[in-house]
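What follows is subunit A paired twice: with subunit B in the first complex and subunit C in the second.
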Partner chain A sequence: MLEFPVWNVRAAGGGWVIGVIAIFHVFVAQFAIGSGLYLAITETLAVRRNDQPVLAFLRSYSNFIMLLTTVFGALSGVGIWFAIGNVNPTGVSALIHNFMFFWAIEWVVFLVEISIAFFYYYSWGKVSQRFHLQLAWLYYGIAFLSLVVINGILTFMLTPGDWIHTRNIWDAFFNPSYVPSVIVRTAITCSLAGLFSIVVCARIKEEGLRVRMLHYSAKWLMPSFFLLPVFLYWYFTTLPPAVATLVQNGIANIGAGNLSVLTRLLLLIMLLSVTIYVVSLLGPFFNPRSFSFGFGLAILALGLVVTGATESVREMLRKPYVIYDYLYVNGALKTVAADSSRYGILRQNKWIPERSITDENRLVVGEQIFRVQCLSCHTPTGYRSMTDLAQGWDREFIYNRIASLQATNLMPPFMGDDDERRALAEYIGDVVGAPPSSLTAANQ
Partner chain B sequence: MSHTHDPNDPNTAFLPEAVRRRYDLGWIIEFFKHKQVPVHRHSVWYYTGGIALFLFIVQIVTGVLLMVHYNPGQAHASVQAIMSQVDFGWLIRSTHSWSANLMVLVAFIHMFSCFFMKSYKYPREMTWITGFVLLALCMAFGFSGYLLPWDQLAFFATQIGVKSSEVMPVFGGFMADMMRGGKELGVQTIERFYALHVWVLPLMFFGVLGLHVFFIQIQGLHEPDFFEKQPPEKKRYMRFFPDFAIKDVYVWLLVMNFLGLLAVMFPWELGEEADPLAPAPADIKPEWYFLAMFQLLKLFPAEVGPVTGELLGMSLFGLVGLLWALVPFIDSEHAPAWRSRGAFYFGIALLAGMIVFTIWGYYS
Partner chain C sequence: MDLPIPSPDPIPVPGEIGLILFLLYLTFFVHVVLMNTLLGGLVLTLVSEVISRRGSSPESRHRHEHLAEQLAHILPFVVSLTVTFGIAPLLFVQGIYGQFFYTSSVLMAWVWLGVLLLILIGYYSLYLYTRGFARFARRRYWFIGLSTVMFLTVAFIYVNNLTLMQTPQKWLAIYTHTKGSGWHWNLDEATLWPRYLHFTLAAVAVAGMVVLGLGLREKEEERGRFMRRWGGNWFLAATILQIGVGLWFYYAVPAHLRAIFLEQEGPARTLFISAHILFTLGSLCIGLAAYGRAGARTGWAGIAMILVGIAEKIINRDQLRQAYLRDVGWSFEALPTAPQHDVIALFFIFLIAGLGLLLWVIYKYRRETSSPS
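Here is the complex of A and B:
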């Protein structure tokens, strides 16, 4: 398990690096899919009505879509791989080993998607209208396929379902939350297509066309406003019972003083989503004439915050696992972790130079252990820091607490023997400024 | 008004007939239809007044909800219950506190934006003065509300604040005693501040706010010089209703979201219950909008000739405040150019001073 080196991102922590890249990537990637449907449907309608101004607009809009999705989408996608591979190599390794074939399909799909996007844009006016329309629908089909594939892998991490027992790849891919998740994300892609289009359409110079396109684009948000709550409810019914309880508690406790991050994020998601829909209804839908670019950008920014908050909630629900009920965030398999105290970090991890713990190297080894066991979620003094969480604890308490991390239901077991636990406790004690114990006193 | 009641006025066609037959409302719609908002590169500042108004409405709604559970006799315990037991209490209180601070901030921004666009000039002197009074009332709201949770910081900061009014000659001591309800801060102080906060100040605020908004409605929005000097065909206007009104609604919704984000992600904290006998915590500071004055006061020597430095400082603040309130009469309609320029530099100096001293006060 613990055979990888670690990436130390200092104050921010690796989680934030993944988070920031992933949120922007998901935002753009889902737009890429939704915009495919937007282009296909809008072009079909425009061709049918021989609406030249709209076709001219779509041509320039598809330039924006092509650039945004192929440049930013592709770069940030690689960025995610870079970040997750560094922060949680064991998790990525497990996903690659399981889904080898699906990843291969996904990358082929990406390649085809990008090629068609280029082809679609550069063939405006150069191929027959009919063929160009076919390209539009082909682009959407392929883009949607990329969601169909990646969704299996993403949902697997939270709901591996029968795969835990059968180890059958189809059980892993078509896991319990697979179908509702595809539907939820499809609805989101349509909303994002509407949201981005509102921003872009607000900049159209010719007033008649701007008003028409703003009104039309706002329609793209409406179905999912009413359907998403239903789909989300369906999605939540497929979650593991422990996770479902967590969400229910989050929702039920929104009122009564419970300030868990989950609860607060859920509240925020509701508030922001309602605002996005109300503004797009009042503005581009009913009063497109006076709707300006600035307000469009503002609701797009709200959309970004909602995306970030929703993805964080989804990630948070998985705690303390990377793959639910199978692999912990600290890289330990659940089956191995069952007997965690007999597991030796120094014995197993070839990246820690020290092979044994002595009075002299206890603190150094403690820090190394912190890196391999804690750093994927915590930092010493920055984000989710020891100075915050273990403030005021003495070394003995820290030592005992490490043994009972699992009781929090949010943390994996500590994978190490008694000496290693003591070394980690000494290191954390030093970080939080706890008074020296007999061990450190003897050493000094 | 030479106007007859026409139940079939097309302006009121959207209302039910029962209403149209009884009430003459067409002129209101007519009025708003003709109202216009100038469109220019500084139009964005026109939103600040609306935002301050929105935040005030949030204050009333959340304030009334807090009143349901707040008990001045058991101030700290009741706020603690609001935070931990009352459904959504934590959210309402956090929203109230964040919104209060944002309201003061936005009111300041609104004031300075009006100042630099010279909106205070003839014929809008009274709009400026009522606005000035509103800002002063906002700060009084902040000062009185800050004490109500009765935690350590609130207690000691208020103690210093009230004490500083003692330096005023003749009636200073009397005023401080009136505020405290005696020589020391106690339950009777909370009760007084509470009455001030939920009755006296709101009544005054409503009255002055009504006048302020009324003046703006009948005089229309001020057009800055550069806009007014343009030839008529170059001037662009936006209809107040529905175009500007709907934009106001977007802005309000966005502000509400920002407020929600702050309240949800950074809930307002409640310190330990105030203990008058405990030593004052180190570096007690007032709320940020008093920080600049607080920091400046520290620079005065204890005694300047026959008077205390504190009195001198407070008198200086009074003088600057008076000048500021009366600026429409100093930089009046036919004032020479040097006065107009002087007013501008006075504004720049005041703004810069406030920013610098606030930051200095925060970090010192």
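Here is the complex of A and C:
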């Protein structure tokens, strides 16, 4: 990060701060949308059949939905924004500048969405059924619209498409993975509506109603079980070639027993998703009578893990970029980083007080360069740490390795000059406890 | 050494600066009025809650219990709307002052992020207070108390960040000292406390004004009189204290920067002076209405004057920020702009359609709930 100071999140790394907030937010936000459809369809059916017990259940369920989505959903969404701003200000700045008025549109949509959520909940029993149903469908329509808008910005980060050359905002918004991503996410929202509903329905006291609602809610998971693989395949075909290769290699290597983190996550997602569907089928769908609340919570937790893994995969596929082909994860523009080594980090970065490297300050500067170059993904001794990844390397090897970061296709190029590379190597060598002799020898 | 101010984002600002400032002021005005209602409303609810059990006469206890309940019913919506109306100005601020805003946020990253956790706790705690009104009657003031403390702290964090953002002179020393740990409070800022007190007192005043407004609309005569008097008193007391705090704040701002308000001719001075005239006249009207010396119309006129005054002060606040930033060599001219007029038009279509839809829902809701069917 050449322009902004770097937030040093010690052991966990900034990525985790974003990750933890984002996973919970995505989970709840997607449920918020799916629950809109669940409420609208279920209420419509119940009204048509004059099914009072179901209507009474929906009333209390919508209280839960309102409290979860208008408070936690909304605040965690703002939380991601704050967290990314702290971890990658250049990235947020780029998204805000490019999409300012799409964000503003999203804000309008959100304002209407939560207002209608309040009206929907607080008007139970106070207004005509017809108007209440209108509110239900309006809520879903608006909530879905919020997905349609935010999706343009989210997908832009991985597939900016023609925007890279044209800088046209519509190219950015309607980017290559826009449509399949809307469809994938819509399918997921329905599954999550089913998943949450199973848990909530398991708490219904009256057995007849509980059994009926569990069976009904489990149905909500079924369509996406069959459709999601198709949609996901479509989604993957729209990804940049390098990313597609990454996924293909990961899958091809499963046979060879060589499992990258990405592959492991993909396998985890598949296995857990199948588990969730099978359990929902065998439990609430076929045997709703014996299905317990605890069981419901357990599969909901699996759902959270799947959401987390999916978001991690999305992040991982984007490496080494935060906006593909434009901005690196460490906040360096691709164009700037390309010939940055000619100028060096010290001369470009405004936050390192040292202007040159001496024998005395080499370690201090090395640490500063680590912050600028590496800290967005790595920590010295915590998550994805140097002590873990560079253990046993000597300083000369580290020094050489830094020059070929980009060749990994997962890391941005080193932005410093030769002296700075030495300083960074010395700092990392120090962190991992490499013997000092080799670098000193190379220096002389 | 040069100040470490980040360069403007290479992606141009996608709208005219004037338009973005207009939207910033507009949305921030709504946010401030809501935020004041919330923050001051929490304080007033807490006070009424305490009086409702410790008050001297049963009559006063009863009145305050009723007022606390009435406020408690509104406040959760106010939180939601405050948060939502906070998003838009934060978006526009980041669009035109991002270089400064992101930097100060990173320097106090953990503290800044803490805002969300505090709001989350404050919000759910408020729900526990309102929903459990009868259920945990004896313990409920803990919830409203916790909520009040949370939101007062959130306000304090905001003042920390927004003052730090306009003083880049301090940044490098902070970064070097904290090593980027993100644990920093801008406590050595001379304007910090007066600014915080200025805004929180204003919140109490506005909440008093809201209670007065509710009193003006109250159909039951006795209760209406109490609310007008009670709300008016809070408004007047906070406003009188504000004279002292305002002066403290004014003189805490470096002389060459505050000169825009009185010494230099220009829009800042016009707004500053007219806002104070409006505050004086508005307070007078509110005082008269509160003590029954004038009718409801005078009360509403007072409220309207105060609101216009607040709007002017909001623009003043930004003008002061610009003065701070000009002082470190910044200007809007350095920001590249490339307006996306089609997206801007789309935004306005959404805004009008969205507000229209909400108005329809409100209209329909009121019609259906007012006529027993």
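Going forward, the second predicted complex is superposed on the first by the 434 of 444 C-alpha atoms of A that agree within 3 Å, B and C clash if a C-alpha of one lies under 4 Å from a C-alpha of the other, contacts with A are read in each partner's own complex, and residues count from 1 in each chain.
Here is the rule we use: a contact is a pair of C-beta atoms (placed from the backbone, for glycine too) under 8 Å apart; a residue touches a chain by one contact, two chains touch by 3 or more.
From a predicted model like this one, the values you see are computed outputs, not experimental measurements.
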TODO: With the two complexes overlaid on their shared chain, look at subunit A and say whether subunit B and subunit C clash or fit.
DONE: fit
Open item on the list: Applying the document's definition of touch, where does A:264 land relative to subunit B and subunit C: first, second, both, or neither?
Closed with: first
TODO: Determine, under the contact definition given at the top, whether A:5 touches first (subunit B), second (subunit C), both, or neither.
DONE: second
Task: Which superposed partner A:342 touches (first subunit B, second subunit C, both, neither) - done: neither
- [ ] Classify the contacts of A:295 with the two partner chains as first (subunit B alone), second (subunit C alone), both, or neither.
- [x] first
TODO: Considering only the touch criterion stated at the top, classify A:48 as touching first (subunit B), second (subunit C), both, or neither.
DONE: neither
Open item on the list: Tell me which touches more residues of subunit A here: subunit C or subunit B.
Closed with: C
TODO: Identify the partner contact of A:279: answer first if only subunit B is touched, second if only subunit C is, both if each is, neither if none is.
DONE: first
TODO: Name the contact category of A:67: first (subunit B only), second (subunit C only), both, or neither.
DONE: second
Open item on the list: Just to confirm the geometry: in the superposition, how small does the C-alpha gap between subunit B and subunit C get, in angstrom?
Closed with: 29
Task: Common interface positions of subunit A, toward subunit B and toward subunit C - done: none
Task: subunit B partner contacts - residues on subunit A that touch it in the complex - done: 254-257, 259, 264-265, 267-268, 271-272, 275, 278-279, 282-283, 287, 289-290, 292, 295, 298, 302, 305
Task: Residue ranges of subunit B in contact with subunit A within the complex - done: 83-91, 238, 242-243, 246-247, 249-250, 253-254, 256-257, 260-261, 264-265, 267
Open item on the list: Which residues of subunit A touch subunit C once you look at their complex with the stated criterion?
Closed with: 3-10, 17, 21, 67, 70-72, 74-76, 78-79, 82-83, 85-86, 89-90, 92-94, 96-105, 107-112, 114-116, 118-119, 123, 126-128, 131, 135, 138, 169-170, 333, 350-351, 353, 371
TODO: Spell out the residues on subunit C that touch subunit A in their complex, using ranges where they run on.
DONE: 1-2, 4-7, 9-15, 20, 23, 77, 80, 83-85, 87-88, 91-92, 94-95, 98-99, 102-103, 105-107, 109, 112-113, 115-116, 119-120, 123-124, 127, 171-172, 175-176, 179-182, 340, 342-344, 346-347, 350-351, 354, 357-358, 361, 364-365, 368-369, 373
